[in-house]
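In order of appearance the chains are A, B, C, D and E, and numbering begins at 1 in each one.
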Amino acid sequence: MNHSVLGFFPYADRLLGAAARLKQAGYRNITIFSPIPIVHEVDHVLGEKKNPIKFFTFFGSLTGFFFGTTLAFGTAALYILPRFGKPVWSVTPTVVIAYETTILLGVFATLVSFLFFARLPYYKKRVYDIKIGVDRFGLLVRAEEEKLRYVEEVLKEAGAEEVKRIYED
Amino acid sequence: MSNISYREVNDDVVRTMTETGRSYYIALSLCLVGIVITFGLPWVYQIYTGQGVTGLHSPAYWGVYLTNFVFWIGISHSGTLLSAILFITQTPWRRSIYRSAEAMTFFSVVTAATMVFVHMGRPWNWYWTFPYPNQRELWTNFKSPLMFDVFAIGTYATASFIFLYFGSIPDLAAVRDRVAGWRKSLYGALALGWRGTDREWDLLQKAYTFFAVFIIPLAVSVHSIVSWDFASSKIPGLNKTIFAPYFVIGAIYSGSAGIVTLMILLRKAIKFEKYITHVHFDKLGILLVVMSLLWTYVNITEVFTGWYTGTSYELESLSYRMFTTPFAYLFWLMIACNTFFPLLFVFRKVRVSIVAALLISIGINIGMWIERYLIISTSLPRKFLPNMWRDYFPSWVEISLTVGTFLFFTLLFLLFVKLWPSFSIYEIKEDIGIPMEKKGH
Amino acid sequence: MAGFLDRLLERFKIYREPGYYKRYDYWWAMVVDLDRCTGCGACVTACQAENNTPVVGEEESGKGRVLNWMRIERYVEGEYPDVKVKFIPVFCAHCDKAPCEVACPVYATYHNQDGLNVQVYNRCVGTFTCATYCPYDVRRFNWFTYKDKGSFESPLDEQLNPDVTVRTMGVMEKCTFCIQRIVAAKDRAKDENRKVRDGEVIPACVQSCPSKALTFGDLNDPNSQVSKLAGLPAEPYYLRESGSKLAKISKNPRAYRLLEDLNAAPTIIYLKRVMKGSSTIGHE
Amino acid sequence: MKRFLLYLTVAIITFTIGYNINLIYFSDRAPEQPINFSHKVHAADNSIPCLYCHIYADKSTISGVPSVQKCMGCHKIIKTDSPEIQKVVSYWEKKEPIPWIKVYNLPDYVYFSHKRHVKASVPCQRCHGDVAKMDRITRQTVIFGVPFLRVSPLKMGWCLDCHKNGAKEFIGGPVRNGTDCWTCHK
Amino acid sequence: MLNRRDFLRVVGIGSAGAAAGFALAELNAPNPARLIPYLIPPEDIIPGVANWYASVCRQCGAGCGIVVKVMEGRAKKIEGNPIHPISKGGLCARGQAGLQVLYNPGRIKNPLRRIGERGKGEFQEITWEEGLTILSKNLKELRDRGEGDGLYLLTSPISGHLKLLLKNFMNAYGSSKYFAYELINYENLRFANNITFGQNSLPHYDIENTNLLLSFGADFLTTWISPVNYSYAYGHMRQGRPGLRGKVIQVEPRLSLTGANADEWVAVKPGTEGLLALAIAYEIVEGGYYKGEDRGKWLAALERFTPRDVAKVTEVAEERIIGIAREFSKTKPSLAIGGENVSSYENGVSNLVAINILNYLAGNNIGISGGIIPNRDIEKSSFIPVNSLMQDASKGKIKTLILYDTNPVFTTPGAVKVEGQLKNIPLIVSLSSFMDETTLLSDLILPTHTYLEDWGDNFTEPSVGYPVATIMQPAVNPVFNTKSVGDIFIHLARNLAGVFQKEIPWTDFGAYLQASWKMVYNKHKDMKEIRETTFEEFWNNLLSKGGWWKEESQAGKKVYISVNKITPYLPKGPASFDGDDKDYPFYLTLYPHSSYMDGRGANLPWLQELPDAMTSVVWGTWIEMNPERATTMGIKEGDVIEVESPFGKIYAPVCLYAGQRPDTISIPIGQGHKFYGKYAEGRGANPLDLLPFKVDERTGAVSHNSTKVKITKTNSPGRLVKMAGWTKELGRDIVQTITPEEFQVKEG
């Protein structure tokens, strides 16, 4: 049965120190809560994470480009109304449209992939404390119950203000 | 700024959202009433009666409505664009101003969009301008610059809203944690269940970077496309290749001035002097000087390209704009506002003087509005066949709706200030610095 | 699969053909002999009678909102007593490269198979862009629903031409070369299984012109009245190529097109007025 | 507050639905004509060809309603005792035309020529439905006395469909220039 | 989320909403359109397909043949009759606007009887029976009292069988007082032609084939005599003959539309045109271009008019006079015409005689193709100087005045005070379609058909070298409760009975017309031009063709002008003007507006909105002024100025126009109606208010150009609505030109 320990830190370096120690000790399931992005520092401690978003962005943009092109060319071919001595398939305007749709679908893909990977939106109850939104850093470690004692120790040593255990149902 | 505590930041921002003075409500209701009077009623009158209530005529088919459209699109430019550029370049002073600037972007795009519908002769058929499958098998004409506009502005509005919203999620979560009642459920829903985990932060930063990267070319393309509405015509005074950079630079210029104006007012109104300091105005002042010089250069180039054609078409259009009353007054007022006064920002004293900055930035915005007005209303009445020349002046409906757009924008902004964390809590905190026991890395 | 690809390629070729020029059934065009035109304005009223264009009244006229689809422009040159007055009737030139067509976002204006630049009133949303882009200022806008404003006060409405719709507020309109007459002539021709004859279609303005300054016909037909007057060779397509000056290919020394250097390729061909004083021949 | 909003939303949505249901399905129902004329009796039972009465259909854009004289031409002798025929007679005697109600209404900006379609041997039933089965002229199929989906919606897509695909039946291919706007608009 | 109660509520609200929506759609549903069948289908009408009826245009006296497009019984368009020799398929703006005469909202819809004071405009609708009874009772009483001669009939100069009918009626009634009046008339020209050519008619000016046209103030492209025909001729003269291009020289103080189209403009001083003509004539004779035996006599007669002397008076350079003279006599054929402008000076007849002489001396341009082709004599004109009618009125001689198609209250000079004179007439009957100024003063108004609803015919004067008769047939059923004017008189005749029964036995005017044409047919049926074997065939052809004409030229008849006979009629000097030069520094040139003519077209909105050809002004009166002169006086375009003559004053805005002599101002006639439907009322000013009571005693024509005026800038409200924004071309090559020389080279 897995349970978690949550510790609150007033300072980021202490938290990071604790995290580093736990990591070394072989704890994998470490989550760091922070009121501000400390991505670099966390990466330093916990190792850099993969960035899956960029592929989505890329393919989203590519889809957007083809969507725009198809829209402009296709609708022109569906209903032919010649204009301005221009061919039915006119390249320049299509490029403009495709440019915009590239960006639009790129943005959408980024948005969707972000939400997907960040598991948002999520409205059910999760481990959280409102202090995190203000000025406290949190360290959540999830492990088998017997290993949690060590975690608590580490956290306290590192200078956590408060350490609590969270039992899951 | 480092002497401010994190908690204070949270308190200050939440305070702006929860504590509401009487003057706010007065301003809000004045805005609402003003919109109904200056915007709603005249527009209903115009829809009911026809576009004949405007001062438009043949051949001046474009007038103040399009001026407003271009102006608001221009205003929209700086917010997001600056925010994105400064984000990518990791400029620290961005952090306390960018949220409002992005909101300004979104709201002015919305304001500009209303002008499109006001401008249309049959606004109830607005959906015909969108490509959607229909039984008539009629699609839109993608060769039309207006269609580019539909796409560009649509994309821009969407993207800048997403940009604005994404940047705000952690703050919305922070606000969610502090409020009660209906606000709780509202911000609970808006915050999407944000917890501030390292994973969330990581993905947010990465996604945000992509948005920022997208926003920059998008913003440039939007205003170039708006300029193509004019430049792809054959009309003397409009048909110029310089128009795209001219408009983009003008847009950034007016947008930056708009930020300055707005920041000064906002800072005063919600007492945020400690977050928006002289540093910001110092930097923005330098930006304005740069933009002013750039704008002046393109403006001179624009006039020069017209003059250099040597055709009677361009020359008449130019002389009508520059030397014929009443447009000459406007033209030279514009030059004064946009070229000369901003040069005062060269002096640091002026830059950090709030009053001077306010006056000059408002002046720039007036000047930029005049620029758009002149482009439209001095080119169309001086087209190719002199027999059709006829001056254009706006009618009361047009003037009233123009005032209405400003009220509309103000209303949106007032609501924004109350309903949205108008300053980025977490980024101000970033500005303050990560709390470390040992200083330095 | 190969057949599909071939078809696609063929399509592509067609779709890349600028403006479909060579596939037009007719190429309606008008020749205006400025030496015959007296500037009397009969055509203007004839147009108004034929096409249900409303009378807008003094107030609106003063604002420059008359809805006449055509107008006579007058240019007064010189000082007393060496005054020269020149007239030119200006209508929609049905440009082959019409700037207005590219402007409309909803395809309310386009080029049809007769070489006409046509306006579909019920599709118009009123963005004004076509009128703004038009170098000849020939597009007119329905600022109001003039029918409701009393422009066709009973019994004046009895006169309204049933072949032409009465436009409502917010719609752009312009000269159609009296397309209802073209439609009627084509209808007749179809009954008799033939092409429309030269001179069978006469727009209202051409019909009324007392001095016979206007001629209307098919430029695709080398024997038509307009082709002869314009002095065009049998295959006049390259008139539509960019940069083509009429003066270079026409056998008629008087032929020119209005604002030709704008490269809108108008299909209204003017014949220069013979007049003492400076000549504007060969102005390049 | 929340509840009120819910009610309001529901009301607005259903209002729109109701409005549109009427507009789409019920607006063209068969109006009651001044005389209870039956196409069934004339076109089916007595197999009178359409053009016998609608004499202008192959000559003009409009097909034409038969003149009162035309009605009287037959009904001087036939079924003179029927009350509906008595109405015709009374119109004839009053020298008044019969104010029929138009069922197939086209907007002012549409140009439609009966002549062209009749000459292309498009049967009248193609657009007007099987009038020979209708006692009262209608644009809808009637199921259990309830007017249902339209026989001919008179919408642009419907016209276009025939101009592009349906026309093959009659002229062996799509209508030449059949999708040009000014073929049907004016 | 939803409990049962809520659910039920939602369902209830939902169904109520749907029902409300359904009901609203039901209420909003458009009223079903009606299909109204014919009672009896007309044989020749297919609904949706237009019928064309040939007829004649009555918007001016030119008599153009028209065809009227009629759909479902309503006139939709008027076009020129392509086979008609006058209009040749063309039609002017006035002719096009004929539809608005027919469908004018201002038409009188029912017969009216005056109930209030005269001129107050209070009328009561009556039936036709009542109206005609009132009139016939009055006429009967009048005749019974032996005052038959007290019946006056005043019409416009009409021609054809209607005129004959009216004449017959008046004769049968026993009155000789049938007169015609029109402001813009050609009586002076007829008179001058009678003196010179011995023919009291308007000749055919063969502009079509001439090579040099010297026009003295004849605005033949807009208003003068037969503008549509002359426009066709003009076009043909310019570009209709390969290799040949006729030249036009226009002599007039104000550059008219014709002047604008001419190659040269001679801005002559007002009133001296006749002298200029004589100077040219002198030069022709003196230079030996005139080769007749009586050269010496001519020289003697013209010796006062040497170019040198005349140059001083006319302000035209001597060399120019000589140049014109040489060109005029060398070019063959050449033609000189004198127009409205010249004939309406106080010495109008003399000017026209001088111009006619010019034609004679420059190689006898009379009777040749490209010159003047005289018509047959027409019957003596019944034209009346309106002042003599007024004298009769003030003396109480007029007991009953019937007016038809004429509006003397508006079209007479202000000083005549027609309004006051008419007070003495016991009964004024107006046969008019519109409530105009004169009709308003009448006691009984019998509304007439317009020409599109009526029968009639027109014998064109001047025709085109051969007789042209055009038939007028009702193209549409009457729009209002009106009657044909012929029918009114036939009805009156029936009511009066007696001698009329014999003279006027017809039932209606159509029958009368057909009977008259039967007589014409019977008389001429042996002619080779008439191929029809029966009258029915002839009549049907007449109606379908629109008229009857025999296409042959009458050229070839030469005339001889004797010096002695002509000398007394030559102009003695410049025309005299009312108002001395010091107080009234400006000559006043009035000209009929190109659209409204003498004001009759002012109630037609199309014409009101048709930009004036020269100034592009719409919906109002304007005063044309030389820009330089205006600048020196501090007057800008659009300023309202007061124009004052010794006889009256008017206010109107200024329109600057470079084609205007600095010492002259010009005002178009036609606006300034007090009553004439809502499109004309209270619009602009009537410049006739400035004029004295001055007519040519011999002909009765009003001299409307013989007044001088002064102008003052005022601040009165007034508005100049101009369509043209800018009149300078700015080197944009909009109207491109080539010179005649280049044209000759390229053509050759």
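To be clear about the criterion, contacts are C-beta pairs under 8 Å (C-beta built on N, C-alpha and C of every residue); 3 or more make two chains touch, one makes a residue touch a chain.
No experiment lies behind these values; they were computed from the predicted model shown.
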item	value
If a chain touches chain B and chain E alike, it appears here	C, D
Dominant chain pairing [most C-beta pairs in contact]	C-E
Chain whose average C-alpha position is farthest from chain A's own	E
Closest chain to global C-alpha mean, per-chain Cα centroids	C
Where chain A and chain D are represented by their mean Cα positions, the distance between them in whole Å	62
Between chain D and chain E, centroid-to-centroid distance (C-alpha), Å	51
Cα-centroid distance, chain C relative to chain E, in whole angstrom	32
Centroid distance [mean C-alpha coordinates] between chain B and chain A, Å	30
Set of chain C residues in contact with two or more other chains	64, 66, 71, 73-75, 99, 102, 107, 110, 123, 259
Multi-partner residues of chain E (each touching 2 or more other chains)	48, 724-725, 727-729, 732, 734
Numbers and ranges of chain D residues touching at least 2 other chains	179, 181
Of chain E, residues touching chain B in the complex	724-732, 734
Touch list for chain C against partner chain E, complex	33-36, 38-42, 44-46, 48-50, 55-58, 61-62, 64, 66, 68, 71-81, 83-88, 151, 153-162, 204, 207-213, 253-254, 256, 258-259, 270-281, 283
Interfacial residue positions of chain A with respect to chain B in the complex	10-14, 31-39, 41-43, 46, 49, 51, 53-54, 57, 68, 71-72, 75-76, 78-79, 81, 83-84, 86, 90, 93-94, 96-97, 99-101, 103-104, 106-107, 110-111, 113-115, 117-118, 120-124, 126-128, 130, 132-135, 159
For the chain C and chain D complex, residues of the former touching the latter	25, 110, 112-113, 116, 118, 120-123, 163-166, 179-180, 183, 187, 190-191
Residues of chain B that touch chain C when the two form their complex	49-52, 55-62, 119-123, 125-126, 128-129, 138-141, 143-147, 150, 229, 232-235, 380, 383-388, 390
